[in-house]
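Here come two complexes built around subunit A, the first alongside subunit B, the second alongside subunit C.
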Partner chain A sequence: MSKMEVVDLNAWFGINQVLHGINVSAESGSVTAIIGPSGCGKSTLIRCLNRMHEEVRQARVEGKVLFDGVDIYGDDIDPAAVRRKIGMVFQRPNPFPTMSILHNAVAGLRLSDEKLSKAQMRERGEKALRAAGLWDEVKDRLDAPGGRLSGGQQQRLCIARALAVEPEVLLLDEPASALDPVSTLRIEELVGELKERYTIVIVTHNMQQAARVSDWTLFMLFGEVVEFGPTPKIFTSPDDQRTDDYVSGRFG
Partner chain B sequence: MSAAGILQPVRGSRRIKDLAYRGALWCCVAIAMATLGVIAFYVVKRGISALSVNFFTKEPASQLHPEQGGIVQSFIGTGIIVGIASLIAIPLGLLTAVYLAEYGKGRLASAIRLTAQVLLSVPSIVAGAFIWTVVVVAFGNFSAFAGGLALVVLMWPIVARATEEVLLLVPQDLREGSLALGLPRWKTIMRVVVPAAGAGILTAVMLAVARALGETAPILLTALGNDFINTDPLKPTDAVPLRIFSDARTPVPGLHQIAWGGALVLLLAVLLLSIGARVLSVRQQKRLA
Partner chain C sequence: MPDPRQRFHDELAALEHGILEMGDLAATAVQRAVHAIVAHDVEEAEGVVRDDDAIDARYLDIEERTLQTLALQTPVAADLRLVSAIIHSSLHLERIGDQAVNVAKLFLLSRDLPGSDALRRQLDEMGDIVVSMVRTTMEAFATRNVELCAKLPSMDDPVDRLNRATHLEALKLADDPRALDWGMHMNLAARALERVGDNAVDIAEQVNFLVSGEFHEFTDASHEVDV
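Right after this comes the complex of A and B.
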């Protein structure tokens, strides 16, 4: 069984339908990349995977998203519980400006369990920061504001923050598009390290990045799935002519 | 070759226009500043000599020797009335703002927003008259409590609207970052959004308090005034603006002196609050940048 499976998913902003009958799945321990030109619905799709889409006014979803076989859009499902299992990192690094580096890293834990002790915070924070490859750079200034870090470090802090809640799936929405090439490389290496323990879905408009980091690739166009398959196949011998045109740079 | 065309020196007529507009803008600034400066100068000049230990510690003396007395009952009264008003208006205003900024959509939110907007522009004596009718007349006496309620009518919309604006300035990214960690919405608001807006909210609150400190008309009709110290919130109570108003209307020069002293203290208090608000908001902008 796939870790996550999307079944006949449709999504709207107001009366504007942006996703049409999406069917796709993501396997445990693998990286799935979603690619496509701007406005094709890839960000909307990834935001549907942990119910963040509905946080936008007038946004609406129909269809199923199965997580370990359970529909996250089912009745009585708490979106907050879904998001603890399926974490997300956004395009622009968004550390909490009023919190220190350590408090940022453990924000999800600290704010859901106010009784968390200092020692526990420190331990869980270190674990998350190590997993995000940031520990060595910040261990001497854990009390400094999160906003003081560079863009790339802030983004890894956001990844640490997402990991600290111990999710099973990690959704990355263009996590490196606001970063410089060196920081981008760091994030890509990190994705490679993390995929052993997490199911990762990454949206990217950078096709080389998709080719480098992912095992599976989903190509979308106008809110529909054009082709979904193993990354090498999508990039070398896709079935659909439009996929071939896109990955070879003829449009988009 | 083409660069030469772009890099021509600025022509004379543009320089003159630039100078004229700059001059006009400076004049506007100078007029505004001068007005403020003259008021402040005059209040300080007339009021400074009234300030004495007696002024801050004694109740009014006889009209023959007003300088032997003070207006301590006005300071205490203002503290009580503005305190009561703040205790009610600030929490109410903050809750309204959170509702409007974070939850409010549709008719109810529009209605609340419109109500606050209308109240903002209601003349303050109307607030006083309203509370006079529903509280003073109904309960049969003037009181600090009624005065506080009249100020609530003025403070609530200031706190609510100003705080709403500040909350809307908090980037959506932060809300999403928090929600994506599986934190419920109320926690996101209380622990991420409100702290991020912290200094801005404090600014809104301080401005509202500053406004309430100087209001005369609404408490004239509700707190009435008192020549003696009163700490019972259900009895008529004095306040600094009321004292200024009543002393200034007498023909006694010594009482005019007291009124100027009261005006000076009020001016200083409001100035301190405004500067405090300003400093905090500058700090806030630096931190979020």
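Right after this comes the complex of A and C.
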């Protein structure tokens, strides 16, 4: 069984339908990249995977998103519980700028109803910062404000914050598009490390990034899936001419 | 919609044009080398040796430009397959040019020895076939024609047979050491022509991959029993 499976998913903003009959799955221990030109629905799709889409006014979803076989849009499902299991990191690093690095890392934990001691918080924070590959850079200044870190470090801090609540799936919405090249490569390297423990879905405008980090690639156009397949195939011998034209930069 | 990578795609088209020209030069070189033997034309043979520099220069130029394209443009999908086909094909064509030089030099080395018309006819026939193979595979490249590619292995069969036949024909010259010496030179020339056929099949495999996205060897030397 796939870790996540999208079945006949449709989504709207008001009367505007932005996703049309999406079917796709994401496997445990793998990275799935979603690519496509601006406005193709890739950000909407990733936001449907942890019920973020419905937070926008007049946004609506139909269809199923199965997490371990259970529909996250089911009647008795709590969206907040979904988002703890399926974490998300956004394009612009958004740590709480005046909050300390450690408190940033465990911010999600403190918001959830878990009752943890200071020592436990510190332990969970360290674990998350280590997992995000940030620990060695910040361990001597855990009380410094998160806003003082570089852009790339801030983004890894946001990844640590997402990991601290121990999700099973990590959704990354263009996580490196605001970062310099070296920070970008560090994030990509981190994605490669994290995929062993988490199912990762990443939206990216950077096709070479999709090629480098993902195992599976989904190419979307006008709110529809054009092609979904193993990344090496998509970038050497895609089945659909539109995929070929897009990945080779003939339009976009 | 205008192509956002027009310059890159123009460069790919120019590289492909270069490969097709190289194919024409290589096929012509083989044709002339065989003609030199059949017509006992020393000037023609010397011309083949001299003109190989033009093929080598094209090979180096294509090699440099494809590497630059890989480094600077990171081609993917059909573009990547085209660059890969160009790199492989240019190496095969350069080898074909070298084989033409080998044939010409073998003729020049043995030109004063007595020869056999039967063996010359065999080489002539081999030459016709392998030149046509090179031209066919390049036409398949230019027109993206996988059916044409699939014809190459069967075109190659008579070449292998003729190659073995030249060996037997050379043995018939055993009574005259000088004629046998010539026959052994021509036997090596036949071997060079046989390699040209193999190179043409290899290029057809590249073209097949370029068009279909699936690579498979048309012939597998390790499984050939009838050598």
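Assume the second predicted complex is superposed on the first by the 248 of 252 C-alpha atoms of A that agree within 3 Å, B and C clash if a C-alpha of one lies under 4 Å from a C-alpha of the other, contacts with A are read in each partner's own complex, and residues count from 1 in each chain.
To be clear about the criterion, a contact is a pair of C-beta atoms (placed from the backbone, for glycine too) under 8 Å apart; a residue touches a chain by one contact, two chains touch by 3 or more.
These figures come from a predicted structure and were not determined experimentally.
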item	value
First (subunit B), second (subunit C), both or neither touched by A:T243	second
First (subunit B), second (subunit C), both or neither touched by A:S30	neither
Subunit B versus subunit C as contact partner of A:F235, first or second or both or neither	second
Subunit B versus subunit C as contact partner of A:E55, first or second or both or neither	first
Which superposed partner A:S100 touches (first subunit B, second subunit C, both, neither)	neither
Which partner, subunit B or subunit C, touches more subunit A residues	B
Touching partner for A:G108 - first (subunit B), second (subunit C), both, neither	first
Touched partner set for A:A80, first subunit B, second subunit C, both or neither	first
Partner chain in contact with A:T44 - subunit B first, subunit C second, else both or neither	neither
For the subunit C and subunit A complex, residues of the former touching the latter	1, 3-5, 8-9, 74-81, 212-214
In the complex with subunit C, residue positions of subunit A that touch it	207-208, 211, 234-238, 243-244, 247-252
Sites on subunit A touched by subunit B in the complex	50, 52, 55, 57, 80-85, 87-88, 90, 92, 94-98, 107-108, 111-112, 145, 147, 158, 161-162, 165
Residues of subunit B defined as touching subunit A within the complex	105, 171, 173-184, 187, 191-192, 195-196, 198, 287-288
